[in-house]
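There are two complexes below, and they share subunit A, which is joined by subunit B in the first and by subunit C in the second.
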Partner chain A sequence: MNAFAIPDFERQFDVRREQAPAFPDYRQKSLDDLRQQGLPGAKTEDWKYTSVREVLGETFVEATPAAPVAVPECAARHLAVMVNGYLNTDLSRLEDLPEGVTLCSLAAARDNHRDQVDAMLGRVVRHDRHPFAALNGAFFRDGLFLDVAPGTQVQEPLVVLWLSGAGDAALIQPRVLVRVGEGAELALMEQHRGSAAGHFTNQVSEILVGDNAGLTQVQLQDTGKEQLVCGTHVRCSRDSRYRAQTIDLGGKLIRNDLAISLDQPGAEADADGVFLAGRDQHVDNHLRVDHRAPNCDSSALYKGLLGGGGRGVFNGKLIVHPEGQKTRAEQTNHNLLLARDVEIDTKPELEIYADDVKCSHGSTSGELDPDQLFYLRSRGIDSPEARALLVRSFALEISERMNHSRLRDLVGEQLEPALDRLARNELEG
Partner chain B sequence: MGTGTDSVNQLIEGGYKHGFVTEIDADSLPPGLNEDVIRAISAKKQEPEFMLNWRLRAYRHWIKLQEKEPTWAHVKYPRINYQDMVYYSAPKSDKEGPKSLEEVDPELLRTYEKLGIPLHEQKALAGVAVDAVFDSVSVATTFKDKLAEAGVIFCSFSEAVQNHPELVEKYLGSVVPYTDNFFATLNAAVFSDGSFCYIPEGVRCPMELSTYFRINALNTGQFERTLIIAEKGSYVSYLEGCTAPMRDENQLHAAVVELVAHEDAEIKYSTVQNWYPGDKDGKGGIYNFVTKRGLCKGDRSHISWTQVETGSAITWKYPSVILRGDDSTGEFYSVALTNNLQQADTGTKMIHLGKNTRSTIISKGISAGRAQNSYRGLVRVSPKADNARNFTQCDSLLLSDQCGAHTYPYIENKNPSGRIEHEATTTRIGEDQLFYCRQRGIDPEDAVSMIVNGFCDDVFRKLPMEFAVEAQALLEVSLEGAVG
Partner chain C sequence: MLSIRNLRARVGETEILKGISLEVNPGEVHAVMGPNGSGKSTLARILSGREGYEITADKLEYMGHDLLEMTPEERAREGLFMAFQYPVEIPGISNIQFLRTAYNSVRKHRGEEPLDSVDFLAMVKSRLKEVDIDQSFLRRSVNTDFSGGEKKRNEMLQMLVLEPRLAILDETDSGLDIDALATVAGSINSLRSEDRSIVMVTHYQRLLDYVVPDHVHILADGRIVKSGKADLAQKLEKKGYGWLAEHAGEEAEA
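Now for the complex of A and B:
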């Protein structure tokens, strides 16, 4: 078992070179990118409000395929179970997947779908502004490959469960490649379930949404004592639709980088999220939408709920390139602070280089509106109940924006109890 | 506006006359910066020891910062060689300027005409040697008497150092310490002059203070320093800058402005900045790297910044308010217009420390040509700032397909009772708005300037009246040729 401290990446890379890993050129390039920018510190603008000092100070073991600590019940018809970043086919249910869907481990895809892997790997993510993505590029072992052939419709959501095994603190670095072919449609739900072990997951997903294709992607993260840095990089082709929902139910450290690039005319992207953070939890959502072609629309709505001791970060960056004429884009972030001793840091940014655009963003933060509480109480609803109601209605706006009903139910099953727990804790505390 | 509006008006219109006053002492130091230069500056100004020590501390700190010139702003400029500059020179002598108006850039003259500036003033502004003695000197003296009667101290920084060293020592660097940032540190080490203003307890300053009629301090050069102190219960409104583009030899301007408002005091600071923005290709033009900060020290104090920024090749400026006193309020109203190759990175910081503190930010950015215009702001509510309230609105208007408008707001809330709202929009002028105006017989250029003026109305209304009128004319001039 290999001890791995992240700042020691140069030496680790040399050790691995002797084992002749796959994709040597790509790994070398990733290493160069990482060396170039260095690991994030307090002065790194993108990491200003999120400290990874603890992650960088830890010595991990590199994750190997293992048995999961616990497999939660999941009624999904299509289920892929990833343990420590490796596909576990025994626990997965993939036999019902419609024809035209290819799902396998990245290692298997390298042997069987080499061309497609080569066409995607490192082609979507920008390492030069994501140090952890570069780290992943230099060291990933395996991951997931998912291809939906042109015209294929996957009606039932495909659920990907990310679980971890027991044992020493492991460094889990999976790479995910997803391609939704022309005119195809996919509903994907990824669920990260943390264990009590102090693992660190550094995941990178590269996603291509083809012409006139649709992808709905939910990422539900409930990571407990584990720390997660999750980069999702998406490129959208002509007239495609990409809808993302990020649901963070809390974790010691969660950092999401969702980067969406609208590359061709007519592409649409919606990115919504809700994040909960309580005591000793830190949730950071970085969203970046690049409008690189005319007539693209994007919208984003993120809602944060912070309980005592919780910390939330939101950064939304909307960039309209000179080619992005006739862009319509908006970003909104609302935050509810439910107790003292919380912190929310938000930074909604606009960078606009084209003139025929309509762009806006808004952000608010504050506690529950006393007038609304009063209104409910004047109708005989007691204070705890009234607060719980308001907390729910605040957060559930997100899941109501989900137009895929099956996914909405799957999200609601987990989000609603978490909201009740948060509201209750705050009332007791 | 109370007493003296007419005279103030006169003065504002006549203000540019003071542009280039020749001082008797006309020597300058060799280029470069070292401790000897600082000692020399201090000696020339016959400063007390505490000043010299302060400058030296700043200089020694600046040495440490040398490799850390800020790069985070959304602006581009070639590296500045700080050893190449002259850090003390008496005002530019007549010989260096153009000999007559014929030698002046005709573009500049055209602008003066548009703004309605009389010929002899044009000369003064363009730096043409003028030997007339202007009558407003006596007016200024009259004002000085009036201020003295009220107990208001309003003089150049050098005079303040000589006549009121105890006040200077107490407040200098109390809001913007010499360690604050690269440019503020440089300013602290080498600042040449500036304005000093002290309003005693309970006094409502009888007139709007303007740098115009403080004749000798006008040509303070690149490193200006302003310090305004409003004692308990006092009020002052301060106007800075002018609407006419000033000819200036100094490319880098690194000024510092410090405001201190005690209990129940109110300071209103208005700026119209229209320094030379460089020609159409971005050649020349001023770099305006300014640190402005106000401290609401006492309870219920109030500081408001209003700025109209149309000039300079690069503007790097974040007038801020530290809301330390309970129930204190801060305001920031800004119009920033960039045309051609101008770059502006401007905004504000509102730091809420006291209870029930409130702040308002209204920022309007207009980009035309190939300009880049950024709003950058920070709103911070500290854990103890119960019931803090902030409202921010920043809107951008795009007038060409090659310009950029950017918004970088930082919002940090550590107190659940703090309520923060931020909204921003970016659009161009609507076709339907233009069509409506044209249909009523208004030509396109007038229609655009009308719409732009409407866009900025929230800010203009906060300006003192004379300034507001000039600011509108200024926008029209600055936008000229920007509309197709």
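Now for the complex of A and C:
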């Protein structure tokens, strides 16, 4: 099996070229972009607080689709199971998907939906300042293609389970293309579940939300000993609605780059998140929202909860371009520090190049309020339960903002027990 | 019920309570009055277990237990209740969830089964009427954006649900309009019984017209400077705290 050390990407690329992989032009462009900006190091601004030294020092094997996996129980009606970045149709449940929904591997889409793939691949993602996206572009093997035809409604959530198999530390680099056609509606829940092996996943998703379309996307990440870098790049058309919730239940290293571009008038985007980090866990959320057209709204609320030894990073960028008149936008990050030995770096940034806008941003970090704790205890509620109640109430504000009730329940089932573990200081990587 | 002898409390270099002694027997209602900053709330907070004070006492017992050995939640489960002068807002926790968690914590302590949400709701609804709170308040976050009077009535609701043996009410009558005062007084009176005791901290005679105390104590500068019957409060109302200073040398009537 092919050994792959990421810093060795030039030679790896040459080796692969021999095998004449698909999409050679895009791969070459990605390689050029990667070469130009280089891999992130201690001096790279966007990676100042998140070190990938360990990932860059590792030699991985290339992920294969045929790894043995344990599939967690999942009652979802529509289920796509991805193993090491490859769609596994045997483990999936796709029969009930409404007509108008196309879901297949990226390899299959290349054969059967070539025009659509060509129209999307590399056209939503930005490589500049996203070196891992360029790396993915140069080397991705397969991934997922999801197309919701105009007018199609998928109300019952489609769950995509990202699993990794046992075995040597593997490099998993899937590419995901999602298009929600005009007037269509999709509820999507992606869940990353890490195994005990030391894999590294570098995922890139390119998402188009069409005119007057709606996409509600949950990304729930619980990666254990694995490391995950996840880039989600979204473009929103006229009058569309994109709602994202990123729920991080902890992991050795999780880095999300969610980049939303509101391209046409009337588009709306909400990006909310909850991140939990306990001992030996590091969670980094980078959010960027670009307002490139008038009359677009966006809001973001991220809540971080850090237990003993946990490390969190939030960076929110809100950019209103000159075309973005009548923008209404806000970005907020609140963090709850549940122990002394935690670290949080939070930075909301605002860049405004239009004059008629309403924008706000802010962040706070603090411990549990002793007055609230005492109030609860003075009514007979013991200290651990009082802590757990306050921790829950802090995080569940995000759930209350989710108006898709099935997605809210699916998230709650996993978020609530994780919050209780965090409150008891038992969350560990 | 409550037995305090020579209680002193300090924060850093500041001594706030300077030797307080007080006996409260079952069935009694005591009123504690005194100027701003005299230490009334500090006394109430210490009795309910607030941390952050250095405390010494020759005796500090509730129902025969050494209070200093008990956590705030143990005190509450043993029937000690303090209505806060400034009730705390807790966004994100609904009033009903808060009440039920508290109630079931107390039940569990007594070895009783927890009440499920249906039965609990039925019980709470009947209490709501007594304190004149609309049912919609159950779904709202604890005290969050409640008016001053609503917060005070919410304290009374908690008291009625938890049915304490010793209720310490820190200025529950302050800031209430006349109707609300009558409601709150009604709650306090409904709790009154032979085996329960009430300590009311107040600035105003008007509450004492509704809930007539057995004993009145005047706290000034961390000490009880005078104790008497209900008429002491009336004298105070007429003459003000200045009158006390003139009689500072006189023996307390007890």
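Criterion: the second predicted complex is superposed on the first by the 423 of 429 C-alpha atoms of A that agree within 3 Å, B and C clash if a C-alpha of one lies under 4 Å from a C-alpha of the other, contacts with A are read in each partner's own complex, and residues count from 1 in each chain.
One rule holds for everything that comes next: contacts are C-beta pairs under 8 Å (C-beta built on N, C-alpha and C of every residue); 3 or more make two chains touch, one makes a residue touch a chain.
Because the structure is predicted, anything quoted here is derived from the model rather than measured.
Participant: Considering only touches as defined above, state whether A:349 meets subunit B (first), subunit C (second), both or neither.
Facilitator: First partner only, subunit B.
Participant: Tell me the contact category for A:364 with respect to subunit B and subunit C: first, second, both or neither.
Facilitator: The answer is first: A:364 touches subunit B but not subunit C.
Participant: For A:73 in the superposed arrangement: first (subunit B), second (subunit C), both or neither?
Facilitator: A:73 contacts neither subunit B nor subunit C.
Participant: Looking at subunit A, does subunit C or subunit B touch more of its residues?
Facilitator: Of subunit B and subunit C, B contacts more residues of subunit A.
Participant: Based on the superposed arrangement, let me know which partner A:90 touches: subunit B (first), subunit C (second), both, or neither?
Facilitator: So A:90 meets neither subunit B nor subunit C here.
Participant: State which residues of subunit A lie in both footprints, the one left by subunit B and the one left by subunit C.
Facilitator: none
Participant: What residues of subunit A sit close enough to touch subunit C in their complex?
Facilitator: Interface residues on the subunit A side: 369-372, 374-383, 385-386, 389-390, 392-394, 396-397.
Participant: Using the touch rule from the top, collect the residues of subunit B that touch subunit A in their complex.
Facilitator: 72, 383, 396, 398-428
Participant: For a test of understanding, state which residues of subunit C touch subunit A in their complex under the given definition.
Facilitator: 48-51, 71-73, 75-77, 81-82, 84, 87-88, 90-93, 97-98, 101-103, 105-106, 109, 141-142, 158, 162
Participant: Over in the complex, which subunit A residues touch subunit B? Could you list them?
Facilitator: 45, 306, 322, 325, 335, 337-367
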